[in-house]
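Quick one: the structure is below, questions incoming.
Labels run A, B, C, D and E following the written order; every chain starts at residue 1.
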């Protein structure tokens, strides 16, 4: 992968190795040194990107501090008297079902959306006729701009139509815990289940993943594609040999971005999901996500309750960080060494 | 195993631009054919039509026929994938897969053909192909490192190894020795000599001596001027072309009295 | 605080009711509803109560379309909806009755001022943007003893469509008609300007963050902010549950409705001593008849629990509402008792 | 730009030109034709991507139809009796301030976020030390996963701190209409203005734009970068010569995706903005966006009002489409011919 | 205008791998120096250290000194940008900017130096550089089309034109004629001959005849075996190297009796 940071780290066996750092021109006297004018563009650029980099850290720190500061009541309550916390059994027993719910919904959304998004991206870049491809691009961009409340409304309408499907699922695949019917032998009558919410989520993150991977796939070097084709690769084989390996890091990034959106999506889930206690089955009502819990409760929350909700937000923050780092670590481990 | 190629009235276009005009040629099986001519005259373009790689370029098209053992590869119902499985190619610019290791690069084409290879078969094949391309000694200790960490000439030889590993019936080579030192060049020429016992080889080269050394027949292309299409000027036995060409243009080019 | 998503496993039960009750409606009832469902299902372990806080409008609509067994609403049915109720629920139509009374506080944040008296006219002018400074003559007139600063008034209203706004505006329209010339609606009249904030929490937070701010919000959410006393008759009444209950008792029922329709025309302009007129009455809507006995039993048990002393207390604890008076409860219980099986 | 769709369109001057379409192998008799087995991978791939492409169109059509179907009451009302519509003056006078508000907030968010995002992307890809770059990547991904309700809460906290700045702006730059103080000579006391909402929006779309452009910039061909450096380009010049031209289409896509998010973001704007009538000044309270209008009113909406809100959503849909097509058309016009 | 280059005890690394070891060399101003040697011996690597392009590769580093007119370009406080403005380079693989037109490609370096060019100056310079690279006739009608639509040899010449347009004091050329036909090759050799009147030229080539034709001094690099570093074996007058080399290794390589 061509990664270019000009700043070199000294090679371990090159003791006297030098690296490019200083700014003064060589002291050769009678030459075109006057050409080496101060390059304001470069200075400004360095400064600007550095400032941007720092600012983003400041913003993140700001958000994190805000979350932490608002969480202190909850932490205090947790230490002094855990029964004050909603649910009465302390913060962790309150939060873990939410964590699980959030992870499940995000995982389903990702599992559904990623192959789909890659398919669409490949279709637009390598399969669709020249004229159709930009149209599909518009469609994707459009999907990205639909407000989550509209997705929510649409999801509610969709939910009603999914009950039959869920019944069918629970009849035939009820032995799989995630499709098991509820205690009374039936599935949700409203369709407002975790599965519906996750499916709508997957549509919401689809544009993000598609857009990013599409751009990356478009940039696959022609020479690589030609190399694969000339070996007698079919389109799919060419994509496997040249396009996907080239796009690997982009695919990971796209998935992470989609994951972020799925973890943090609020409105649509809050509108669609009929929340309840944690259950393994995804076709009965129940489960809840962190973002939706916050959205549904903060309008009426005050004092400790508000602090609790923000602490829950902090937990999401930490989860995201862990998931991200984990995912990237796994990807890094499976890459070709040295490439 | 080898194929005969008949090119009939081939015109080649990049969008509106007619790059090559009216090529007629018959390439015999089990022979080496060299394409020579000034830069930009359409050698690579013609070569790329022989395995339908030309049409991969957006807007590019051809008209005319290219018959392989009598079947027009541009005929209706011909899958270019099948054509390319039988016609291997080495590009003018070396293009190893940067994300694959050296060994994977060599085996890439073989893996495509769905052949199951045992570990030893794979190792044998890798060694054979890399030896053929005179690269084995230089890379035998780093077969699992990425192909992008090689020098220019090494990359070029890696691409040759990759192409011969699939044992195609026809092998097209676009300046395969351009980045090679004389020793590697000789090795590749030996390789070509071996290959022609079984396969049909077409090679583009700027090196007259090389053309004279390896080829049975030589095709000389030329271009009348900027914006004009390239044309096949003369196509005969290599000895004829270099000693006693039919056309004056050819003679001028061969003897360097051109332009 | 409401009930968490984790909930608690219902521990034991003492009835043999079985089934699921679905309700849709006002999100303002969510906190109370969480408390009610938790208590109710712990007593009736066979019953599941699902309540989607989709909003009053959605609740009424879905209920009238037969998609829910009951609805929660911050406003009573209008005449068209009553007719629709006759189609959805049989000849007797839909029953509606208050399930709790929620006082609306006028809350303010002015440094150095802890108590504030406001007449309806002054209040209207402030929220309308006619009075823009705390040292305005009109405010001084109501508060001769207060040390009012020279400070810009930031009047904060709800940005979203809400029952709180509707009831607040209704009060101003009734008590200060001259000054409040906008149509009453769940949306605060845009032309009056002022600051807007989303939700009760938004209003409270904005008021507490802004020196010189005044807003209106559900009393339960006010927390440490000061609340204004409101002029009723000749006295200034402080907000309290009892004072809020009083105004409902002083109100007339909406004319021309059936026996079972306990909709009230709140007496916003009451002069009854000790009544606090800025209240929101939250209703439940049920059908006068249901298809089967099981549902009838469930609905009856559920709604009786909601209006019972126990139910009202847990709503007061969790949602800060004012309880129903015993008098009103009796009337409601009669209505609930008359729910029957279709036919 | 290396775009590779193998399907060629016949060149206009090549009359008998052929294109790769059929699937049958050449009929040469005694050769390794048996190798040309049916390639199930390829079949499946073609079918799968095609289905994905179609499904996305179906989903979009589903959303569009949903919006249209729900809009019919409003359209009927608009035709029969416009005074029924909220505001009493018909649908268009109701919707246009919302459209303007939406466009303004999205435009500010984009204007702030895009240079910022490009700066961060360039910083991580071409400036930051090797070790720091992935860290910044995590930060960006984290920002993407913060739920909008948390951004909303944070924005409210931020708003309170911006009043001083707004006062300063209106004092010194009050002659510019967008910074003009209100009728009573003062700015918003709460800071909950369009400018605050737009700034928070810009932070919300930052991760999207950054992630996408970062991935593209990472893929700049080494050879191009080396070509620029060898000519004596400074880093900034190298970026201008090699990185930005290569990433152009990616930058546009990223911006479009960010724009989509900004246009559609609901919760945060609804929480932060103190909506009101349309005003030119961005430092007094007022203005409203489409998504926030929908979110704030739909919980209590029913019948015609609900239909109105969904029609407003439809308007957003159309706006997005137009903005998108416009932007891409402009970009296409300014590109080097034939590249 | 021209510079003298003194290379002192230069070791070059790719990460841990020592690619080239202990190079000592003195390149005179106004001369042409040729680097020859088998593929993978480190010619490109050494060349790239002369304008600090080597360090652009992740993990790459050098130790030792490269003095240009006495100043160590790897000294503290030296800005590699300034080094590269004075030391032009033509890469082994042609790399025109694909998004720029042919003309913009030629002018890219000049524009960097902040020189304001009038339209006519720009046109003149473009023509001069393209003529120098023997490309003018082929592209004069399509100066505004992208540089990526050229044939392999045309792209290579375009890169040469781009490098000479800035008139660098030192010009490094890595196999500049590898994709060129004999005529273009001769033209480039003429160009090199012209350039050496003013500048210092270093060229990597696999073509012995070319080295013999154009260079004043020749450096022969070799590599002992796989994984070993490349070494400078001999550096003398070209005539000496080709007629009467000091080392047997050199003689073997020159006469093709190697490997």
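Worth pointing out:
Just so it is clear, a contact is a pair of C-beta atoms (placed from the backbone, for glycine too) under 8 Å apart; a residue touches a chain by one contact, two chains touch by 3 or more.
Molecules present, by chain and UniProt name: A, D = Phosphate transport system permease protein; B, E = Phosphate ABC transporter ATP-binding protein, PhoT family.
Please read all numbers here as calculations on a predicted model, not as lab measurements.
The fewest steps needed to get from chain C to chain E, moving only between touching chains, is 2.
The greatest number of inter-chain C-beta pairs in contact is found between A-D. Taking the mean of the C-alpha atoms as each chain's centre, chain B and chain D sit 46 Å apart.
Note: centroid distance chain A to chain B, computed from Cα atoms, is 46 Å. Computed centre separation for the pair chain A/chain D is 16 angstrom, with centres defined by C-alpha atoms.
The set of chain B residues touching two or more other chains comprises 14, 56, 58, 81-82, 85-86, 93, 113, 149. Listed for chain A are residues 1, 3-6, 9, 130, 221, 225, 229, 234, 237, 246, 298, each touching two or more other chains. Multi-chain contact residues of chain C (touching two or more other chains) are listed as 27, 53-54, 198-199, 202. Residues 86, 156, 160, 184, 186, 188-190, 192, 270-271, 273-277, 285-286, 295-303, 305-306 of chain D are the ones that touch chain C when the two sit in their complex.
Of all residues in chain A, only 1-7, 9, 39, 41-42, 44-46, 48-53, 55-57, 59-60, 62-63, 66-67, 70, 115-116, 119-120, 122-130, 133-134, 136-150, 153-154, 157, 203, 206-208, 210-212, 214-216, 218-222, 225, 229, 234-237, 239, 246, 249-250, 253-254, 256-257, 259-261, 263-267, 290-291, 294-295, 298, 310, 313, 316-317, 320-321, 324-325, 328 touch chain D in the complex they form.
Residues 27, 53-58, 60-61, 74, 132, 152, 154, 156, 159-163, 186-187, 190-191, 193-199, 202, 205-206, 209-213 of chain C are the ones touching chain D in the complex.
Interface residues of chain B, counted against chain A in their complex, comprise 51, 53, 56, 58, 81-82, 84-86, 88-89, 91, 93, 95-101, 108-109, 112-113, 144-146, 148-149, 159, 162-163, 166.
Interface residues of chain B facing chain E in the complex, by the touch rule stated above, are 14, 36-40, 44-45, 92-94, 137-142, 149-154, 157, 174-175, 178-186, 206, 208, 225-227, 253, 256, 258-259.
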